[in-house]
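In the part that follows, the structures are each spelled out as structure tokens.
Across the two complexes that follow, subunit A remains constant while its partner is subunit B and subsequently subunit C.
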Partner chain A sequence: MSVSYIRHPGFNPGSKVPHEQPAVGVRPVGSRIKSGMTAVIVALLLATPALADSNLPPARYANTQLRDPAKEQQARALMATLRCLVCQGQAISDSDAEMAGDMRSLVRTRIAAGESPKQIRDSLIASYGEYVTYDPPFNALTAPLWLLPLILIGIGAWLARGLFRRQRS
Partner chain B sequence: MIAEAGLAALWLAAALAGLQLVLAAIGLRLDATRPATGDGPGVGAAEIMAAVRPVAIVQGLLALLAMALLIALFVRSDMSVQLVVANSHSDKPLLYKFSGAWGNHEGSMLLWVTILGLAGTTIAIVERRLPRATLIATLGAQAAIALGFYAFLLFSSNPFARLSPAAPDGQGLNPLLQDPGLAFHPPTLYIGYVGISVAFSFAVGALITRDVGPAFARAMRPWVLGAWIFLTLGITAGSYWAYYELGWGGWWFWDPVENASLMPWLAATALLHSVSVLATRDGLRAWTVMLAVVAFSMSMVGTFLVRSGILTSVHAFAVDPTRGSFILALLLLYIGGALLLFGLRIGTVRQGSTFELISREGALVANNLLLSVILGIVLIGTLYPIVAAAFGVQLSVGPPFFDKAAGPVALLLVAVMAVGPLLRWRRDDGQAALERMMLPIAVAALAMAAVFIVTGGIAILPFLGLGLAAGLAAASVAPLWKRNLRRTPLFTWGMVIAHLGIAVSLAGMASDSAFTKETLVAARVGEPHRVGPYTVRLDGISPVIGANWSALQARLSVRRGDDGAWFVLRPQSRFFSSPPTTTSESAIATRLDGQLYTVLGAPDGEGRWQLRLWWKPFVTFIWLGGALIALGGALSLLGRVRRDRQAVLREAYR
Partner chain C sequence: MKRSAVWLPLLGFALVFAVVAMALVRPADRTVRSAMIGKPLPTFSLAAMVPGKPGLGSAVFTQGQPRLLNVFASWCVPCIAEAPMLMRLKRMGVPIEAVAIRDTPAAVQAFLARNGDPYGRIGNDRESSVQLALGSSGVPETFVIDGKGRIVLQHVGDIRDGDVPEILAALEKAR
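Now for the complex of A and B:
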């Protein structure tokens, strides 16, 4: 897994206040832990820039489900098909990166507001290009890809036809 | 000195591989041009060919020596060796120092060539039934493959390079790799890849000596079967490893690295079925050779593609783009060479025995076809982003595409797989076959009805998956009906168990995708949360110190239902200082009917901790099925080897 997550400069998740640029530092955690452990934990956290993308807590719906199970289901299905733009090939539903959290929050917020998954996907594609979806839209460039199974089955059947004897009637 | 000795052993092994190739080529040339009157090979040819075996044996032993010396360097934490510095640390537990030797690019390549060398040694020692010319050609082909790897190691990935001045300590191993999984997963896959390359070498030998027939198929079959068993185990273990290590409950991501390991498996599965037809029925000659070529190409793709750096992946631990061109050249050379030889010689392969559409062979052809189609989908889907990039479009091809494109084909394949073993060889009657299928069809229909009634409808692919899994389970044990179980050959048991394993695995996949329950919460201490049938309560967070890591560990009290006994799970968030990384160590409770998967996330700054909880019904079936498939393969291999040995003995006493 990649160690440093770079925030995409153009990313502005919905109505949330834009984050500051990533700073390698400490999440404001140490102070809230019981004093007995504080020293150990602060030392631990100082050594872990990996999760410390910014000083802000995660976006509201980054790790919190929607109350309505049907909507959460929709959001979940959509998130599994969206690429975390700063990770090494992970969907936003499978990533610890802060940007993935922001995108999850964005998806849940907009699903909760009544938008359809398709609308959300389309608007994300409009902002980030087709790279953001793992489900490539059907167009001139991807047509060969989507027709592939049929093409391959056709070629295979053509290759195999010489193997069989005529069926006796 | 150890590093220098290792490098010397590597150079010597490379030189012997060169010698092995040259001797085999000269021997075969002399043999082919001998006067037609003489019986047996000419004197010179016989002497030269006799030298090939010992050379192959020593080559393998030298490669093993080099690997052993590299492991010694890691175990001793010799920080004057670049590779050790870059990938190890003196504080690392011994197991990971050991396995760290192959947890990196150079070491894994050395491991590959070591296994290849040892395979050559094994063939040279045990293979006695092939005509000598075919065997020598096989060993020659092996040497040619090995030479590319030696060149790659010696010229662009020297594992023994020194660092001057020596470093005070190493930079550590990627913490994700500090897991017992690493000790076994890569070697298992590599044995699989190498086994396939051995099968391919047999195919080359048979093509060169124009000897594609049952004898060649019988010599090749144990290698294909063995390779396939290891690939199955490697993929299954790797999938489970990713599942508990990456911490999001996913077990397959259609990621380029995973695809790279799946493709050789698909090709090997097709080859395995095809080679059986060739060995026992003398059919599908050209197909078998073609599949051997494809399987080899895929194992090269599996070994190299990810390392070339042209694809990004969650699992790409050993990427160095500067080596990309060398790797691509090697890939082109191997695959191009294999295809060229195939194109030149396939005309000389005569057609084997024929059969009708509705027959066991017909079903096996369908199996080969559908497996090849899935292989094509995976291959092109994996490479398509590169194609799109050439047109200036950045594209992602991921799980939704593979599910939609390969899913239906895979289900069709499962249906064929259920029917195939119930058909007769050469010619069968469609009506009678349908009657034999009535019970499995009824089981499938019942299962689907039950799922529909209990759940009120789920997504279509898992729905069909569950139904077909039930039908396949019934159909796969059908060949045992009305048979004397004790006299049923071991390889029939192998087939039954392997097919049953597919049904079990498919049921697990479908169940996981349809019935998983997810709860994501920011939990306060003492607050209960529900996931599926479980109640999970965060009792507290405490620090834990390990050998080279420290962690925050959650104590979760868990119980099933309202009156189950409480038990404790302890997921951790681990911090490694060299290199600085955080990993989630999931805590998993395994029950007969599924797994409870818990992960500790980050604190939210207000005294709450992020918890990710999943209840995954029957998810363990995925890997249980994988294990059954491998077990079936092993029984088959055992049965075949035993029967072949009996056949050899019978011939010897005749």
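Now for the complex of A and C:
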């Protein structure tokens, strides 16, 4: 998914930048319909996408692997757990957004410089909060996230037990 | 089992329905806010973006005067929209420094010539590294930094007429 990270008025993260709408006035249907259609087609051909990304090429390590396969693997594993902040439902390893490319480059550069994945993740959490990671640590806020499935399984087991008993008797 | 228990599934459904309806009527705020508010500005040093104007280092922000740090780009449309507001803040005597994201000198020069130049310094953030350290997730964003280099406010999106008082108040409080 390629999205820009410009904040448009009425900014809606995750949505693509709208293309320019051709200006078409409301006209009475009838004899003018043909010229109207031509106008629409011409306008559609002339319309260009709104400028949304920079003109610079992707960052050094955005789409380039590290030479050391072990380090590349470490970097990839970390990238899969980091949220793209522009297209919020994707990990940076999956996203085509420019900012995700810059984040991948940052991860690879710092892994190559000898930092551990935990150090890099902690520094991103310091900037953006735990929202940036798809592997949230266990704390008071995330406790329901981790415990609720266990509780639901418990309730299910209890219900199943009741049902089986009734059948046997 | 009591007879009233018959209503429990319906109650459960109503609960789920209410949650979904609420989310439809009032969608969640998806704005990514920086976790750096109240914390010291990360240390950085960026080269100059345009000739004749110095680059930007974090040291400038610890000289005692509150400043604005504007994250912008020449390729960003809402940055044009907020340019008049930044010019107004500059005329009020607010020092404004900038970080230009993924940009070229020529493009930034053209942008400043067209929309006005409110900046004292502009740092060249070619790979968004300072932006990522700030906890910023797009352009434009504006941070209020107090005189000791602490981040006190983040404004996400273009500064509009109605946002100016909040920024001025934060600057006044940071004095």
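The definition used in the following text is that the second predicted complex is superposed on the first by the 113 of 169 C-alpha atoms of A that agree within 3 Å, B and C clash if a C-alpha of one lies under 4 Å from a C-alpha of the other, contacts with A are read in each partner's own complex, and residues count from 1 in each chain.
Note that in this section a contact is a pair of C-beta atoms (placed from the backbone, for glycine too) under 8 Å apart; a residue touches a chain by one contact, two chains touch by 3 or more.
These numbers come from a predicted model, not from an experiment.
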Partner chain(s) touched by A:Gln88 [first = subunit B, second = subunit C, both, neither]: both
First (subunit B), second (subunit C), both or neither touched by A:Arg60: second
Subunit B versus subunit C as contact partner of A:Tyr131, first or second or both or neither: both
Which partner, subunit B or subunit C, touches more subunit A residues: B
Doubly contacted subunit A residues - partners subunit C and subunit B: 50-51, 88, 129, 131
Parts of subunit A lying in touch with subunit C, wherever the complex brings them together: 5-9, 11, 13-14, 50-56, 59-60, 85-86, 88, 98-99, 102-103, 105-106, 123-129, 131
Residues of subunit C touching subunit A in the complex: 30-36, 39, 42, 73, 75-78, 81, 101-104, 107, 126-129, 131-135, 137-140, 156-158
Residues on subunit A engaged by subunit B in the complex (per definition of touch): 1, 3, 27-29, 32-33, 37, 40-41, 43-45, 47-51, 57-58, 63-65, 76, 80-81, 83, 87-91, 93-96, 129-136, 141-142, 145-146, 148-149, 152-153, 156-157, 160, 163-165, 167-168
Residues of subunit B touching subunit A in the complex: 176, 246-248, 250, 253, 255-256, 283-284, 287, 312-314, 316, 354-358, 361-362, 365, 369, 372-373, 376-377, 380-381, 384, 388, 391, 393-401, 405-406, 408-409, 518-522, 541-543, 550-552, 575, 577, 579-584, 601-607, 610, 612
